[in-house]
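Single-structure report; data block below.
Every chain is named by a letter (A, B, C and D) in the order it is written, and numbering of its residues begins at 1.
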Amino acid sequence: MDAVFSFLHHCAAAALPAPAAPVAGQQAGWAFASLSSLPSLDWLQTALGLVIITNLCLLAAERRRLSIRLIALQGVILGLLPLLAHTGEVDAHLICMTLIFLGIKGVVLPLLLRRTYKKLPPQLPSNPYMGNTACVLAGMGGLVFSLWFASNLGMTANPLFLLMFSPAITTVLAGILLIVTRKKALSQMFGYLVMENGIYLLGVPMIQEDAMWVELTILLDILVAAFVMGIAIRHINKAFESTDVDRFASLRD
Amino acid sequence: MLILFATLVLLLGGAFASLFLRRGKWALYVPACALALAALAGIGFCAYALLQPSGLQASLPLPLPLGACLFSVDHISALFLIPVFLLSGLGGVLMPFRVRALEWASSGVPGVTVKGGDIQHGRHGFFYCILSAAMVLVLSASDAVFFLIAWEIMSLTPFFLISPQDKDSKERYAVWIYLVAAHLGALVLLLLFADMSVQADSTSFAVMESFARQSGWQGAGLLFVLALVGFGVKAGLAPLHMWMPEAHASAPGHVAVLLSGTMLNLGIYGIVRLLTLLAPDAFTALAPDRFWWSYLLMGIGAFSAVFGILLALAQSDMKRTLAYSSAENMGLICLALGAALLAGARGADKACVLLLAGAVLHMWNHSLFKSLLFLGANAVKESTHVTTIRHLGGLQKRIPLTGGCMALGCAAIAAVPPLNGFMSELLMYLGLAFGSEATRGTENPLIFWGLFFVVGSVAGLALFAFTRMFGLIFLGTPRSPESLEAKEPDRVLQSGMLLLAVLCLGVSLAAPWLFSLVEHSLRATLLSAAGTGTTDLSFAHELMYWYALAALVLLALFSLAWLVRRSASWKSGPGESPTWDCGYRYPSARMQYSGGSFSLSLALVLRPLLRPMLRIPAIRDLFPQRQHAVMSSPDWPSALWERLLFNPVSALAEWTKNLQSGLVNVYVLYIFIALVAALTWALGWS
Amino acid sequence: MSARILLSLFFVLLSVLLAPLLNGVINRVKAIVAGRKGRPLLQLYYDLFKLMHKNPVYSHTSTWFFRAAPAAGLAATIFALCILPFGPFAALCSFPGDFLLLAGLFALVRFSLILAALDTGSAFEGMGAAREAMFSALAEPILLLSLVVLAYHAGDYSLSNMIGCLHPDLWAANRPFFVMIAIAFFLLLLPENCRIPVDDPNTHLELTMIHEVMILDHSGPDLAFLEYAASLKLWIFCMLISGVLMPSSLTALLAESPPVDGGPVIAFGDIVLATLHTLLPVFGIAVLVGLVESLMARLRLERVPQVLTLAACFAVFAALVLWR
Amino acid sequence: MLIALLAIPLLAAFASWFIPADAIRRILLLLVSGAELILALACWFVEPASFGGDLLAVDAMGRLVLTVTCALFFASSVYAVGYLRGEDRGDRKDFQQGLHFSNAPEATFTACLLLFLASAVLVTITRHFGLLWVGIETTTIVSAPLIYFHRHQRSLEATWKYLLICSVGIALALMGNLLMDVSIQPEGHFAVPMTLEALLENAPRAHPIWLKAAFVFLLIGYGTKMGVAPMHTWLPDAHSEAPSLVSALLSGALLNCAFLGIFRSYEVCVAANLGAFASDLLLAFGFLSMLVAALFIVGIGDFKRMLAYSSVEHMGILLIALGTGLEAARGGMLHMVNHSLAKAGLFLLAGNILTRYSTKSSHDVTGLNRVLPLTGPLWLAGIIAITGSPPFALFISEFSILKGLLHRGQQWLALAYLLLLGIIFVGMLTPCLRMCRGKAPPGLVPQKRESLLLVAPSACLLLLVLVLGLIMPDFFSEALNRAAAMVSRP
C-alpha cells in the first residue's frame, strides 16, 4: 500500500507543476499593473501551486497519519499567505493575523487531530469509496473546472481575488471530494478542514480590507474543533465501536 | 337574502351547538331541528328567489384573505338549492334515529347501545350541519376564492360522515378514496380558478362574466376541460367516478342521501356555472370554434351513462348498484347539457329549452328517487345487516312498506311511466328529437340520434338493473336467515321513505307546472340572450299535461282490470300452493336465480364493454365437491386510473427511496453535484 | 264529445276485439304450412273466456306484485293502444311526444312482468325474467331510434301524424326508408312478442323459453290478462308496421277536402275503406309471422342478439338514408 | 430592545446551567420565551431602534420571521414543560433497537434551547450578512446537542449527519458571502460593508458573474440548511430522531432562518438586475424539492420522516414563491408563516403519538382517534392543513403562489406544481388515515384525558392557521406586502 501511495505521490508531484504553471501564466496574463506590483508574486504563485499539490496528495493519501501531516503542511502554507499576498506596508494587524492563522491552521488543528487520532483505538485503514487514482483524477477534474470557471469570471477590483479564485475552488472541491470518498469519520473531518482552507484562501486578500470574513472562518475552525472533540471521539466510537461511517447508515428510507 | 343568511346561521348554530353538547341524544336532536328549520326557511327562500325577476346579491364584510364574501343567488342557484334544502332537512330529521340504529346494530342487540358507543354524536351532528351549510354556500357563492373554500369544506366534511363507526378496512378504503378524489378534483379547480382570476384580475364571478363578454378568455377550451374534470369528479362522471361506489356504499342512509342526492348535483352546477362564466351566452350562441365543448360534454355524458348503468347491473351489492346508477344519471344530465349547448348553438331554441329543462328536472328527480332508494337500502341494511343480493330475498313479505317504496323508486329510476324518472327523460328525448329536426341539413342529426339511442339503451339497461335489484332482494324466497328475520325500520324512516315516494309520484303529476317553472327560470338566466318568448313551447306543455294525465288514466285502467279480475275470481277465492317446482321435489331458496346468474347473459353479450370475469369451476369427478362459480365485473374504467396513475407513481416513489441510502458520503456527493451543476449553469446562463 | 273522438274510441274497441284473432291467424298459417288442420281461428278467445272463469292459484312466496302485474300490464297495453293511430285515423290520445310514451308503456309492461316472475322465487321464472329483461333492454333503444327517425321524417312528434297519415306521394319519395324501418320493426316484433326465431310460444317447459316461462305460475284470470296483453302487444306492432308500410289514400283525400268547421267531413264509405285498408296489412303481417315461424328454426340463445343487431342495422340504415 | 431580545435568552442560557432545580429551570424557560414573544409582538407597534447601523435592525421580513420564531418557541416551551415532566430519567429501553439509553442532562438541553432561541433571533434581527451567517452557524452548533437529547445510536447518527452536511452547507454559504463581497467591490481597493443597505446601494454596479457565483454558493449553502433538495438529506434523519419539540423548532424556526439567508441574497440579486437568473435557479431548486418530497412521501412509513419530507416540500414552495414574483412572494411570506405554525403543531402532536405508542411507524399506530381523543383529530386537522386544504391558511398561500405562477405565464410549471401537491396530498393522507382510524392496537387503553400542556400548544397553532385562512387583518396583509416588496423588481 505504501508503495502505491509513494508512487502516486510522485506522480502527482511530477504532474502538478504542469497544470500549476499555466495557472500562474494565465493569471499573470490577466493581472494588470496592480498585480505585477505585488512584491512577492512568484512566491505567492508557488504557494498556491503547493496548496493545490497538497490537495491532490490528500486525495491520494490513505493513511490518516500522513493526511494529518499534509494538512499541517497546507496549514503552514496558508498561514503564510497573508504575508505573501500583502501589497502595502506590513503593519501590526497583518502580523497578528498571520500569526493567528499560522497558529490555528499550522499548529493547533493538526495537533488536535493528532491527539484525536491517537486516542482512537488503532484500526485497519478502510478502503475509500473511490480508489486513489480515481480520487486524484477527480481532483484534477475539479482543478480543470475551477480554471474554466475562473476564465469566465471577469476582472475584479482587486486582482488578487482572481488569482486566488481558482485554487480556492479547487481546494473546496477537493475537500468535498474527501468527505465524499472517505469512510472514517476522522478522514471526513480532514476533508472538511481542506474545504474550509479553500474558503480561507479566497478570504486572504480581504485581511487588509477590514472585512471580517476571514475572521469568521475562525468560527468554522471552532466548529471543526467541536466536531472532533464532541462527536468523533466521545460518542461515535463509544456507541458504534468504530468510526467507519458506513456503520451508521441505519437511518434511511 | 336575509333568509339565506338566517338559514346559514341556523345551520352553523346547530353545528356548534352539537359540537358543544358532544354526547347524548340532544347532540343529535338539536342539529336535526336546526336542519329541519333551515330546510323550511331555505325552500321558502328558493321559492322567493325564483319569483324574483333577477338574481339576489349580497356581501358580507368578512376580510377573506384573497377574495370577498360575495353571495349571489340567481335562478340557477335556486333551482339547485331546492334539493339541497329538501334533502338536508330530511336527512337531518332522520339523522338521530339512524345514528341510534347504527349503534344498536353495532351492539348486536336491538334497543341496546354499547356504553360509550363508538359514534361521536356531537361530531357527527356538527359535520352534518357543516356539510349542509357548505353546500348552500357553494351554490350561493359568487367569488372564486369563497367558492373554492366552500367547495373544499363541502368536499372534506363527508369524510367524517361516511364511516362514523369506522368498522372495517373496506370503509377505510372508501374514506381514503373519497378524500383523494375530492382533493384531486379540487386541485384541478384550483388551477382553473387561479387562471381565471389571474386573467380577469378579480375573483368575483360578476367581473369574470363581464370579462368574458368584453375580452374573452385565453385558453378558454383548456379552462373548460379543467372545469369538466374538476367538477366531473364531484359529479361522479364515469371515468372519474372511482370514489363513488365506495363512499356511497359505506355511508349510512342519511349521509348517502346528502352525498348522492345533493352533492353530485353540485358537480353539475359547477359545470353549468363555469359555462356561464367562460362563455356567458353558451346556451344561445356558442362560438363555432367551441363546438367541441358540447361534443366533449356529450361524450363524457354518454360514456358515463352507459358505463354507469352497465357496472350497476353487474354489482352484487345493492348500495353499489345505486352508486353506479348515480354515475349513469349524472351522465344523462351531462349529455343533455352538451346536447343543449349544441342545439342552442345551432339555433334550435326549442330543443335547447327542452334539454335544459330535462336536465334540471332529471337532477331533481334523481335527487328524489336516489334518496328514496338509499333510504330503502338503509332500511334493508338495518333490518338484515347485509346489502349483498346473495344474502337477501323475499323481503317484500317481511317489510312490505319498505318494499313498496323501493319498488316505486326502482320504477322511477328505471324510467317507467307514470313516474318522475320517465318524465325528465321524456323531455330529453323530445329535445333530442327536436334538435335533430332543427339541424336538418347538417351532420348534427346523426349526433342527436346517436344520443337518442344512448339514452334509450341506458333506459333499457336501467330497467334491467333495477328489476334485477328489486326482484332479487325483495321478491322470491329469503336466501339467508338474516333476510328471513327482517323487520320494518322505525316510523321516522318509514315516513321519510313515504314522503319521498309521494314526491316521486307528485312530481310527475305536477309535471306541467314544474316544467313551466323551470322553463321560466332558464329563460331568465341561461337563455336570457335569446329574446324571450320567441319559441313556442306549448307542445311541451301539452306533453307534460298528457304525462300527468297518463298517470291517472293508467290508474283508472288498472282499477278497471283489477275489478274485472276480482269479479271473475269472486266465486271461491284464490287457491294457495307452493311455486310450481317443475317436478323437482325439493326446491330451495338457493336454487333461485342469483344476482350473478341474472346478469350473466347480458354481461356476456356486452362482454367488450363490461369485461366480466368468470370463474366457473370444471366438474371432473363423479362425486364433485362443493364448488363456487363466480362472476364479477370489475370496474375497469376506474381501475385504469390505478394502472395508469397510481401504480407508476408509487413504483417511481419506491425506486426513489434508494437515493436516501443512509450514507452520509452520498449525501455530500449530492451537494457536490448540485454545486457544480448550478455553477456550470450559472455561467452558461445568459 | 265530437265525432272524431267517438271514431277513435270505436277503433280502440275494434283493436281490442280483433287482437286475439292475430294469434289464430298465425297458428292457422303454421298449420297450413305444416299440412295440419290446425286449431280454430278463435281458439284464443275460447281460452281467454275459459281462463276468466277459472279460479286463480297463487304461490306461497308470491306477494301483491304477482297479483297486480297482469292487471298493470294489461292496463298499460290498453293505454298504449289508445295512443296508437288506427290507419289514417288519429289516436284517441294524440299529443306531441306520444311515441316516447309508447316505449315507456312497453317498459311498464315489462317491469311488472319481470317483477311478477321474480316474485315466485322459482329458478325457471327467474331465468325467463333475466332473458326478457336482457332482450328488451337491447330492443328498446332500437325501437326508439326507429320512431325518432320517423318523427324526423314527418317533422311531427305524434304517432298519429308520424305514421297515421302518410301521404302516398311522400311515401313513394322515401320508399327505401320506410321499407327499412318496417323491416326493423318486424325484426323487433319477433323478440318483443316471443316469436319463433327468438322464442317459442308453444312450449312451456323448455329451459330456453323466455316469455312463456315467465308466466308459468300465473293462472286463471291473471293468465288470461297476460295472454290478452301479449296479443294486444302483437297487434300494436303489426299496426306500427302497417302504418309505416301502407300510405293511406284517405290521407290524400283528407288533405284535399276543405275543412268544414271542426275538421273535414269524411264519408262513411271512406271510413270503411280505410279501415279495411288498415286491417288487411295487419293480418298480412300476421301471415308473414306465421310463415317465418314455419320456415325457421329457433335460434340458439346466444345468437338472439344478432337478430337485434340486424334490427339496429336496419334502423341505422334508415336513419342514414333519411339524413342523406 | 433588540439587544434585550438577544440578551435575555443568552443570559438565561448561562443561568440555566447553574440552576439546580428542574422546576425553576422550566419556569425560567417559560418566562424567557414569554418575554421574547412579548418583545417580538412589541416590534409590531414600536419601531425598535437599530443598533450599530444595520448590524441589528428589523425590517418587515425580519419581523415576520422573528414573530413566528418567538411564537413557536413559546408554544414549544409550554410543550417542553409537559414533555420534560413526562421524560423519565435514567436508562430505558429503546423501542427500536432494544438498547438502553438515557437522556442528555436537562440543564444542557434547556441551555441549548435558549441558545438556539438567541441565535435564531439574531438571524432575524440583523441586516448584516456576516452576522446573519454567524447566527445561522450558531444555530447549527447549538441545535446539535438538542437532536442528541435521547442518547442512542440513531440520534447520534442523525446528529452526525446533521452536523456534517450542515457544516458543509455553512462553509459553502461563507464562500458565497466572500464571493458576494468580491463582486460588490467597486473599482479601487476598498471594502463595502456587508450590510444589506450598502449592498443594495452598490448592487447595480456589482460584477454580474461574480455575483452569480456568489448567489449559487449562497443558495446551495443556505439551501442545505433550509432543506432544499438535493441538499435536504440530513433533514428527515434529524427531524425523525430529535425529540419532537426540537423537531418542531427545527422545522418551524431553523428552516425559516436559513430561508431568510436566501431571501437576503435574492434581494441583492434583484437589486443587481440578476433577478431573472436568480429566480430561474430558485424555481429549479424549488421544483426539485417538491418533486423529491413528493416521491419520498408516497409510501413512507415513518410519520415523523413524513413530516420532515413535507418540510422539504414546503421549502421548495417557498423558493418557488420567492422566484416567481410579487404576488407569489406575498403568498410565499404567508406560506412561510403558515407552514411554520402548522408544521410545528404537527411535530408536537407527533411527539404525543410517539410517547403513547412508542413507535414511529404509521403502520403500527392505529385507532389514534380512540386512543388519544384530542391528539387524533388535531393530527388529522393538521395534516389536512399542511396539505393546503381550505379553510386553512396554507390553501390561501398556495393559491396565491399558483396565481403568481400563472401570472408569469408559466402554465406548465403551475400544472407541475399542482400535480406535485396532489401527489403529496395522497401520500400524506394515506398514512394519516391509517393512523387515525381503525381499532387501537392490543394493549393500549384509550386515554380519557390528555395533558393540556401537551395538546394546547399545537391546538393553538393550528387554530391560528385556521383563523389566518379565513381572516386577514390589514396590518398583517400590509406586513406581507412590505416583505414581498423587498424582493420584487421595481
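Keep in mind that, in the parts below, a residue touches a chain if its C-beta (ideal position, glycine included) is under 8 Å from a C-beta of that chain, and two chains touch if they have at least 3 such contacts.
Since the structure is predicted, the reported quantities are computational estimates derived from the model, not experimental observations.
J.: Which chains lie in contact with each of subunit B and subunit C?
T.: none
J.: Any chance you could name the chains that touch subunit B and subunit D both?
T.: Expected: A.
J.: With centres defined from CA atoms, tell me which chain sits nearest the overall protein centre.
T.: The most central chain here turns out to be B.
J.: Take the average of all CA coordinates in subunit A, do the same for subunit C, and state the distance between these two points in whole angstrom.
T.: 100
J.: Give, as an integer number of Å, the spacing between the C-alpha centres of subunit D and subunit A.
T.: That pair's centroid distance is 33 Å.
J.: Averaging over Cα atoms per chain, report the distance between subunit A and subunit B in Å.
T.: Comparing mean C-alpha positions, subunit B is 70 Å from subunit A.
J.: Where the centres are mean C-alpha positions, what is the separation of subunit C from subunit D, in Å?
T.: The mean C-alpha positions of subunit C and subunit D differ by 78 Å.
J.: Residues of subunit A that contact two or more other chains, please.
T.: Each of 149, 152, 176, 179, 188, 245, 248-251, 253 in subunit A touches at least two other chains.
J.: At least two partner chains per residue is the criterion; list those residues in subunit B.
T.: Within subunit B, residues 657, 660, 664, 666, 668, 671, 675, 679, 683 contact more than one other chain.
J.: Report the complete set of touching chain pairs.
T.: Per the contact definition above, the touching pairs are A-B, A-D, B-C, B-D.
J.: If we count contacts the way the header does, which residues on subunit D are in touch with subunit A in the complex?
T.: That would be residues 130, 133-134, 137, 140-141, 144, 148, 152-154, 156-161, 163-164, 167-168, 170-172, 174-175, 177-179, 181-183, 185-191, 194, 207-210, 213, 236-237, 240-241, 296, 300, 305 of subunit D.
J.: Considering the complex alone, what residue numbers of subunit B touch subunit D?
T.: Per the touch definition, subunit B meets subunit D at residues 62-66, 118, 145, 148-149, 152-153, 156, 163, 166, 172, 175-176, 179-180, 183-184, 186-188, 190-191, 194-195, 197-198, 219, 649-650, 652-654, 656-657, 659-660, 664, 666-668, 670-671, 673-675, 678-679, 681-683, 685.
J.: Considering only the defined contacts, which subunit C positions touch subunit B in the complex?
T.: By the definition above, subunit C touches subunit B via 52-63, 65, 68, 70-72, 74-76, 78-79, 82, 93, 95-98, 100-101, 103-105, 107-108, 110-111, 114-115, 117-124, 126-127, 129-131, 133-134, 136-145, 148-149, 151-152, 155, 157, 205, 216-217, 220-222, 224-225, 301-302, 305, 319-320, 323.
J.: Would you pull the subunit B residues touching subunit C in the complex into a rising list?
T.: 393-394, 396-397, 400, 403, 407, 411, 414-417, 422, 426, 429-430, 432-434, 436-437, 440, 445-446, 449, 452-457, 459-461, 463-464, 467-468, 470-472, 475-477, 539-540, 542-543, 546-547, 550, 553-554, 557-558, 560-562, 564-565, 568-569, 571-582, 587, 589, 591-593, 597-602, 604-605
J.: Give the list of subunit B residues in touch with subunit A in this complex.
T.: Subunit B reaches subunit A through residues 657, 660-666, 668-669, 671-672, 675-676, 679, 683.
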